[in-house]
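These notes concern the structure reproduced below.
First chain written, first letter: the chains are A, B, C and D, and each begins at residue 1.
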Amino acid sequence: MKVHDIALVGAGRMGSLHARNIATSPRFRLCGVADHNAELAGELASELGVPVVSYEAILANPSIDAVVVASSTSSHLENVLLAVGSGKAVFCEKPLSLDADTLAGALADIERASRPVFIAFNRRFDPHLKDLKRQLDEGRIGALETIHIINHDPAAPRLDFIPRSGGLFKDFTIHDFDTASWLIGEEFVELFATGSCLVDPEIEALGDIDTAKLILRSAGNVLCVISNSRRTGYGYDQRVEAFGSQGALRVDNVTTTAVSRLGEEGTTSAPFPYSFAERYAEGYRAELDHFADVLEGRTMPATGPRDSLRALRLADAAERSLKGASPVNLEGVFGDA
Amino acid sequence: MKVHDIALVGAGRMGSLHARNIATSPRFRLCGVADHNAELAGELASELGVPVVSYEAILANPSIDAVVVASSTSSHLENVLLAVGSGKAVFCEKPLSLDADTLAGALADIERASRPVFIAFNRRFDPHLKDLKRQLDEGRIGALETIHIINHDPAAPRLDFIPRSGGLFKDFTIHDFDTASWLIGEEFVELFATGSCLVDPEIEALGDIDTAKLILRSAGNVLCVISNSRRTGYGYDQRVEAFGSQGALRVDNVTTTAVSRLGEEGTTSAPFPYSFAERYAEGYRAELDHFADVLEGRTMPATGPRDSLRALRLADAAERSLKGASPVNLEGVFGDA
Amino acid sequence: MKVHDIALVGAGRMGSLHARNIATSPRFRLCGVADHNAELAGELASELGVPVVSYEAILANPSIDAVVVASSTSSHLENVLLAVGSGKAVFCEKPLSLDADTLAGALADIERASRPVFIAFNRRFDPHLKDLKRQLDEGRIGALETIHIINHDPAAPRLDFIPRSGGLFKDFTIHDFDTASWLIGEEFVELFATGSCLVDPEIEALGDIDTAKLILRSAGNVLCVISNSRRTGYGYDQRVEAFGSQGALRVDNVTTTAVSRLGEEGTTSAPFPYSFAERYAEGYRAELDHFADVLEGRTMPATGPRDSLRALRLADAAERSLKGASPVNLEGVFGDA
Amino acid sequence: MKVHDIALVGAGRMGSLHARNIATSPRFRLCGVADHNAELAGELASELGVPVVSYEAILANPSIDAVVVASSTSSHLENVLLAVGSGKAVFCEKPLSLDADTLAGALADIERASRPVFIAFNRRFDPHLKDLKRQLDEGRIGALETIHIINHDPAAPRLDFIPRSGGLFKDFTIHDFDTASWLIGEEFVELFATGSCLVDPEIEALGDIDTAKLILRSAGNVLCVISNSRRTGYGYDQRVEAFGSQGALRVDNVTTTAVSRLGEEGTTSAPFPYSFAERYAEGYRAELDHFADVLEGRTMPATGPRDSLRALRLADAAERSLKGASPVNLEGVFGDA
């Protein structure tokens, strides 16, 4: 088994998650952790027994083959450009950028680079959603007609994250835009988005929403409904349902265990996973495996900068729809994506 | 137990369903069946051992206390007006009318009458949905934030029904408009509807759609998503889910039996009921029981002409939204409802 | 539709249940209620608007075609013999007797009578168990190998009932003996029973048990496990699972509604029905329908005195097994059944 | 993180499974693979990039701290004795022996050794069963009254395995004996076992059975029912249900994914895992983690030679019960366990 030397920039929540997976993967060796925040970098490096390094040192080190970019979202694109410029392969946490035009302008530079750039959208690597996709592609429900996505977070993020999140659509719905595009396999042509602030009025004061409903229409008239909420009271609600001409396929929530309790109030299943880290744990490991396959030339990246741009264009359109209280025509929007 | 003398006008599918329930209810005595189609009337009357009569004779018969109006939709309003004019209490199959302005104009006449007029929306009498409503009202999930309704028919109706159906929104979504209004307990202020013709191009040729997605917003910012389809491939899909500040409540599909089969393809439950008649069988019986309670002065009709008008106004708004490809502001729309 | 004149003896819990079903069945007319306890008889008769009569008067009335025997268990056999002697058809609540030899001795007299005698075992008329039986007979799981029956009561009966119940096996397990015989379609050849008193030590003081596990083997080596308990803490637990050479079929518990709640403790379904009257409500109505079919010559009784005797012989064998702490060989036991 | 040098004896199915888990565990370094079958050893060693070694060399190597014994069952005890004699800690695949008296005789030697001996019963490390055990211990269902275990294999093993398997009770039911003892936390005092050969008559010709039902009674009168089969037609059926004075807890089968399909035949879940290796994959990894904790002195082995002996005594008793067609009194049976 080939072992790939890889380094990490960004020692926050997502960086730590990827770093721990790298540490237990037989296909990678973690060579160092970089972060502007020396304390964060130090804690993670110490936990995993690897050195703290600067990003510049990573880029300059010819023995490091690939970089995981999990720094703050606003620095993703710059760090990716630096990495590809240094001949590194890149595993970048989504989203690549919060600004579609900037990203569009950088596409040529990224793609001119000789090394692969993988943008990690975790849903595409979830075994449950992959099984759904497989069955759709096998025609198990005939022609696809409708997709319903429920993506509800257990609890709102800290208020200080809201202003730099890019807003609900770019931070949260962006997953659903990518999932829907992937499952349907067609571009969307129309989008209507509406929302409310029901969870916390402070979010509204910050100019964001916490509850949203969207309807998208694809080129082939597949209709997609997306439901988002920043609060559930019962864990991370992650469901997808696909309706076709010959039946329907449903990805239900998973439960933390297969134990249920029979009591006078009814039969109670085990709770859902509370966080994305638990729910998509297997997906995050599969992302790494996929990236190893990419590095070994076995496959192309499942998702790249253009997928990130498409999702971003959809998020922009959702904001326009919300603000204009009107559907948005998407024709031409993906011209450069 | 008091027994109420009741007669039926309309011996079609819905009339037959109500007539058979009357025949087995200890609280009613079916006195006669009227229908312009003598053959239909004769078959039903003969099955139940009651006489075929004219609607005029029913209205003129002082011993008949109440009338079930289940004639063709276009004649509902006229038959109801005739009945209340003759001093009969009325059980009218939904919808009371397909034209909102006409109905609005007739409201005063209906309400001036001394006898109750009950418009039968079957969902409100379904034990599962009633349990959901009870739990919502008890605050089991805190403040209500979102409602999702799935209402998918197993198969499209005969094409000759489409032109006189009033269109998908008035014929089918009308149930969901009433269900949503009832569950939320607030008027809607905005509605967006979109749709496609995916099931049968003939339906499009007739100017209708067979697949629809709608988003409604209530005065209190509760968001409601409605999904409609004229085809499933797996029976009548009837689900409602309510999301609140402290959890969610879900009405799942019922199954025809509690038997499931464990096989190599997985565990297969029994199928769903195929038709509305099976799925809402208990609701139809409960409607009759409710009507008996109304006749005995124990309660007011749960749904009356104004509920029918509200649902109709929403259906009209959905048509405008679909045609204009734009959300519709509903303020003022219910002024006369 | 033919209407059968029928009368009831026994105005207790089961008698009342059957009487109310008769009152709402279009196929029967309830002609009177008899009970040694005049108060019980009077209340039920008054509720249903029928006269209180003596059992002698019922038997002497030539216009009454059939009798429902729902008196105390100890009088079932005598009342049945009187009824058939008077030319009445009989619908007898199970069990026909608590003493197998007495019942065996009376079989000839019962069967010599010209009128049908139906012993009502409610499980055979439950739509869920009937669906299981149908699928077994259709070979949906290949050759039947094993049956598991869970029959757990929500709460122990009143202690004063225990001494006249006949004991757990004759009062409660008797249903499972009949269900297992019916589903397998073969006689049993061996039985092992064990039990404990875990619910209430008073039951043990009265010489009975409240928890039992049994293993039966049929002539064709199908193994059947029966689990009984007098207490659940969560309603009436009624499950059957059949394992075959090509899969398994399961009858799960039904729930009171299709509503479930998603909360932080997990997803909670609606509770199970609490009592046999709720769980088997549809079965009790189907028993009556079946009896009407019997009276009209459309079918033979699905269960008769010999089925009651078979179940009773199995209950006797279970008592011997429990007391002897040893399996009991059943060969020859059904010689006269 | 401390890394433990460990070697493996036995490169068959179970040995390979453990070896692959060791290879991806950050807490162990696999130092070598031994097997009498040089080809098997070579393939596994080559796959994992470790040397083929002799068991003697492993025992003689002072730098190797621990040994995984996964050789053929008949050699488990001898290999464990050799290992503890050489000062190695031991991770031994169940069962330690097929002969209870031999094992009892060796107990003193094993326990005199200074190093820990862990006998790997996978159920105790399954996250679902551990959650059940935790909830039982927390009193979630009050006093435990009954346990039901379903342990059905998808398909019978190769016939040549039957003679050296030790028979169904020692090879297969042994898991359930350990699970039941663990969950109840009391010794059993009585056992009744019966069985049939329904899957394959060749198994009967070899003196074994393929279908079994057992009832065990604990010292505190908890009743335990075990159901075993060598065939399902639908994957590996692994369920446990515990009934208590205040409710019940159930471990259902897990499914391979959370995808279900709605079709005209009903709603079909994803299949169950087909093999023990899939179903208990997480348990096998947890066993290794537990063993690392044992090596680091953080805990005692969860299961040791005496647990293996207890399960073996129960399997012997089951054979006696089956052959004698009679319950077996277990008092005194565990005197030396």
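The rule is simple: contacts are C-beta pairs under 8 Å (C-beta built on N, C-alpha and C of every residue); 3 or more make two chains touch, one makes a residue touch a chain.
Computed from a predicted model, the values in this text were never measured in an experiment.
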With chain centres defined as mean CA positions, report which chain is farthest from subunit B. D
Look at the interfaces A-B and A-C and say which one is made up of more C-beta pairs in contact. A-B
Subunit B to subunit C: how many Å between their CA centres? 40
How far is the middle of subunit A from the middle of subunit C, if each middle is the mean of its Cα atoms, in Å? 58
Between subunit B and subunit A, distance of the C-alpha-averaged centres to the nearest whole Å: 42
Can you pull out the residues of subunit A that are in contact with at least two other chains? 141, 232-234, 237, 246-248, 260-264, 270
Residues of subunit D that touch subunit B when the two form their complex: 232-235, 237, 255, 260-272
Contact set on subunit C toward subunit D in their complex: 141-143, 145-146, 148, 152, 190, 192, 194-196, 198-199, 211, 213, 215, 217, 221, 223, 225, 227, 229, 231-234, 237, 243-248, 325-327
Which stretch or stretches of subunit B touch subunit C in the complex? 1, 23-26, 49, 127-128, 131-132, 135, 140-141, 246-254, 256-264, 270
